[in-house]
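Look at the two complexes coming up: chain A is in both, with chain B in one and chain C in the other.
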Partner chain A sequence: MTSKVRPLGDAIATHVRDGACVALEGFTHLIPFAAGHEIIRQGRRNLHLVRMTPDLIYDQMIGMGCASKLTFSWGGNPGVGSLHRLRDAVEHQWPAPLALDEHTHAGVAAAYSAGAAGLPFATLRGYLGTDLPSVNPRIRSVDCPFTGERLAAVPALNPDVTILHAQRADRRGNVAMHGIVGAQREAAFAARALIVTVEEIVDELPPAMNGIVLPHWIVSAVAPCRGGAYPSYVHDHYARDNGFYQRWDTIARERNGFLAWMNRHVLASRDHAAFLASLREVA
Partner chain B sequence: MPNPTASDAPPSRRPVLSTVERELDTLKDGMTVALGGFNTASHPMAVVRGIVRRGLRNLRVVGSAIAGLDLDLLIGAGAVREVVTSSVTAEVLAATGPFFRHALERQQINLWECDEGIFYAALRAAGQGLPFAPWKAGIGTSILQLNPDLKIFPCPITGQDLIAVPAIVPDVFFAHVERADRYGLGQHTGSGYGDRALHRASRRTVLTTEALVSNEEIRRNPMMTSIAYADAVIRVPWGAHPFASPGCYRVDEAFIRQYVDVANRARKGDRSAFDAWLQRYVHGPKSQADYLGTVGFDARHDLQDVTEKES
Partner chain C sequence: MARVLEDGDRLFVGANLHVPRAGALYAHMTHAPNMKLSVGMVTTNLLNADLLEPTKFSTDYRVSRWAESIVIHNDIFERPQHCSDVFFVGGMQIDRFGNTNLIGIRDATGTLAVRGPGSLGTTTMAHYAKRYYIYAPTHSRSVFVERCDYISTFGHGEGGDHRARLRLNQFNEGPRQVITPLGVLDFETPDHRMRLTHVHPGVGRRGDRQHGLRTRAGRLD
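Coming up: the complex of A and B.
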């Protein structure tokens, strides 16, 4: 039995290359912050980032210069406001220009699903009647061969690597997650490589009825990482740190303050445990 | 929390308890009816027997992706015009349903030919409110000649040939679950098969359930809710018999062997034993309790040992 368990640093170094198309998924819940920080520490550049809902972790990666393109369907600090680093990159190309590929949630989910099914495109009732297609030439249309009705068509998304966070995995790489999920399963099956950080590695997964189980054969690496979704939350493990989301608005508003914070807490920390410890020092 | 009254409760929280007979009243000849379950598990048999009893005709029946002898019985009783499924089988008990095979060989029914991928593509399109779904597997095979509803079209992005699978929208979907509450929240023990896809695709979903439980009980493990907001819920203990209901009872192999035997005799020209079987198990019993009495307590007692067949 070959173990898929790797330290997070090794998993990122092996699977995330400069210029890669990378999707970090998790919908409010189970956002893989630790993995995003490790990408920042390793200094990856020119990534094509994909995420239904880019929030703080993508603000950090974009602000630290990891990305040159963003495929997304909503961007913001949930319940707080704008993402200042994302906005700075789009408006002032700082620290680097960022190309936008803007979709709807349904469009991104459908594009992942098509990618997972090996199809070149997905069709949906969306976009048409809005002006999104006028700002995104990748949104096309298709006429239904049966009814003649015009429908939206989006190209499949097949990330080079998808990165997720989950409650647990076994050593073979089978992954179980439960609670609210977004497009994780679709993004996982659509990807060429899949890294999953987990709260714990177990000998045998409990029978979590209807909890998403990602089978080991699509998993490239599992990395044990307690607290790996902080400041988002993990059902049955820890709650969301809403205060951090509010503080982020101030931290990220100006370039210098942002860089100082990232240097002190992310770059100066060897790993996620050290990152969490550095936040406790502040408190 | 205030207790919502009937007038201010959202529509989804209206009690939807019903009876088999009331749901059968909604069926008409020629409808598209979907049946849940898979192979030898979880077919809504109280409804299937009711369809036979009512003498419905010309149904288009969407079986599960691997339909069981539930569908075979409907064909044998003359209720079916067209079948949508990739297989009608009972595993080692019957590789192919006897009446299914017989009716196809004599062209007495149509078969909407598909594999499981195309079957689910048709349901996915329906569930998403789309008129069709693109699909790739099947290009270069004769499936397109066997099923004239499938069309080749060019991908609007890459130009490559793809198969367009038209949506299939059942008028009503009948499924059997282990637990449900009065508001239409159903929970399968086990995988739930393709029942989620059939539920999303259908205009109306009716659940028969082994146990009727409280909404609090359902909410204790919300991730197990596989059917959200069925339109009707009917408490039918042993509702999948002679098929298994996971965690509750095993497949009644002796009963199915008896069915396969009388069906094979009918296929070969002697329908008398099948007619007697229909009289005993379908037309005779006046209720589910009556049916269970006919099946017998001893048989059911043994079937409830769900650990016996585990290896």
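Coming up: the complex of A and C.
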């Protein structure tokens, strides 16, 4: 048996290259913050980030200059407001210009599904007459060969690497996650490489019907990382830190304050455990 | 808002739309006991829940204690069977034909100056819902514009039969009403231009003028 277990730093160094198309998925639940921080620490540049709902982790990666392009359908701090770093990059090109590839939720999900199926594009309703094709020239239209109906078409998404967080994995790399899921399965099956950070590595996964299992043959590396989704939550492990999401609005509002926070807590921390410890120092 | 909801409706209300959520719960507790609410990925009937604590984020798993069924995220946005019967759409801009904009605001040169959050599920959910309404938490000239800088959810386009020409009427025939803190507007004329139908009690003429409210919302002079 070949073990897929790797330290997070090694997994990122091996699979995430400058210029790569990278998707970090997880919808409110199971957001892979630790992996995003490791990408920032390793100084990746010119990434094409993909995420259905970019929130704090992408605000941090964009503000630290990791990205040159973003594929998304909604960008915000859920329940709080704008993503200041994302807006600064789009509106003022700071710290670098950020090209946008704008979709809808359904559009991103369908594009992942097409990518997973090896299809070149996905079709969608409801786009006709909107300005989505004008802000994203890769949204086009196609006539149904059966009915003649005009539908929107979006190209398949096949990330170079998808990164997820889950409750547990075994050493072979089978990954189990449960609770509310977003587009993780689609993003995983569409990707060329898949890194999963997990709360724990177990000898054998407990049998759980309907707990999503990503089979080891699509998994490139599993990295043990307790608390790896903080400040989002992990069902049965820890709750969401809603206060952090509110504090982020202040931290990220000004460039200098943002950089100081990132330097102190992310760059100065060797790993995620050190990051969590540094937050406890200021608490 | 509660008045437009009917008994038996299935309704998905976003966690950040506090007023529509309150309207939905009010309807549920009064004339719509058989309503099914989708709250944070859970579909449920809350009539007999003792206490409804506010959720802090849109997929708070703690609401699953009330669940009759769990909804998979992606299904909400493009499965008519899962989509809401009724849907509320918001916008940074709302134009006189009920088109809405969550993409951004242009400056005088036509370049995007204020980046909006993006369209989320509104583009497709407003298409699949049986009925949809526009909700504006503030009634102001900056929200109600002649024409949206960008359209993220199609209402009546340029008016008249624009929706029909694009064959967009499979599931609904466009936004029913616009509900604001000052009143209610609809599109029930052949050209589908927004018109004021109700002013909420207590909203006086001067307040209307201050907020640019006219019987034809297309003329906001």
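Definition applied: the second predicted complex is superposed on the first by the 282 of 283 C-alpha atoms of A that agree within 3 Å, B and C clash if a C-alpha of one lies under 4 Å from a C-alpha of the other, contacts with A are read in each partner's own complex, and residues count from 1 in each chain.
FYI, a residue touches a chain if its C-beta (ideal position, glycine included) is under 8 Å from a C-beta of that chain, and two chains touch if they have at least 3 such contacts.
Since we're looking at a predicted model, the values are computed, not measured.
**Q** Quick check on the superposed pair: does A:F121 touch chain B, chain C, both, or neither? Answer first, second, both or neither.
**A** first
**Q** A:H178 contacts which: chain B (first), chain C (second), both, neither?
**A** A:H178 contacts chain B only, not chain C.
**Q** By the touch definition at the top of the document, which applies to A:W94: first (chain B), second (chain C), both, or neither?
**A** It touches nothing on chain B or chain C.
**Q** Tell me the contact category for A:E149 with respect to chain B and chain C: first, second, both or neither.
**A** In the superposition, A:E149 contacts both chain B and chain C.
**Q** Which partner, chain B or chain C, touches the larger number of chain A residues?
**A** C
**Q** By the touch definition at the top of the document, which applies to A:Y238: first (chain B), second (chain C), both, or neither?
**A** neither
**Q** May I ask you to decide whether A:T130 touches chain B, chain C, both, or neither, giving the answer as first, second, both or neither?
**A** So A:T130 only meets chain C here.
**Q** Going by the contact definition given at the top, which residues of chain A touch chain B in one complex and chain C in the other?
**A** In chain A, positions 124-125, 149, 179 sit in both the chain B and chain C interfaces.
**Q** Please give the residue numbers of chain A that touch chain B in the complex, ascending.
**A** On the chain A side, the touching residues are 114, 117-125, 140-142, 144-147, 149, 151, 153, 155, 178-179, 208-211.
**Q** Which of the residues in chain C end up touching chain A in this complex?
**A** It is residues 15-16, 40-41, 56-61, 70, 72-74, 76-78, 103, 112-115, 117-124, 126-128, 148, 150-154, 157, 162-163, 166-168, 170 of chain C that touch chain A.
**Q** Which stretch or stretches of chain B touch chain A in the complex?
**A** Contact set of chain B toward chain A: 128-136, 151, 153, 155-158, 160, 162, 164, 166, 189, 192, 221, 223-224, 226.
**Q** Quick one: which bits of chain A touch chain C in the complex? Just the residue numbers, please.
**A** Going by the criterion above, the answer is residues 27-29, 53, 72-76, 78-79, 82, 86-87, 90-91, 102, 104-107, 109-110, 124-132, 134-135, 149-150, 179-183, 186, 233, 235, 240, 242, 245.
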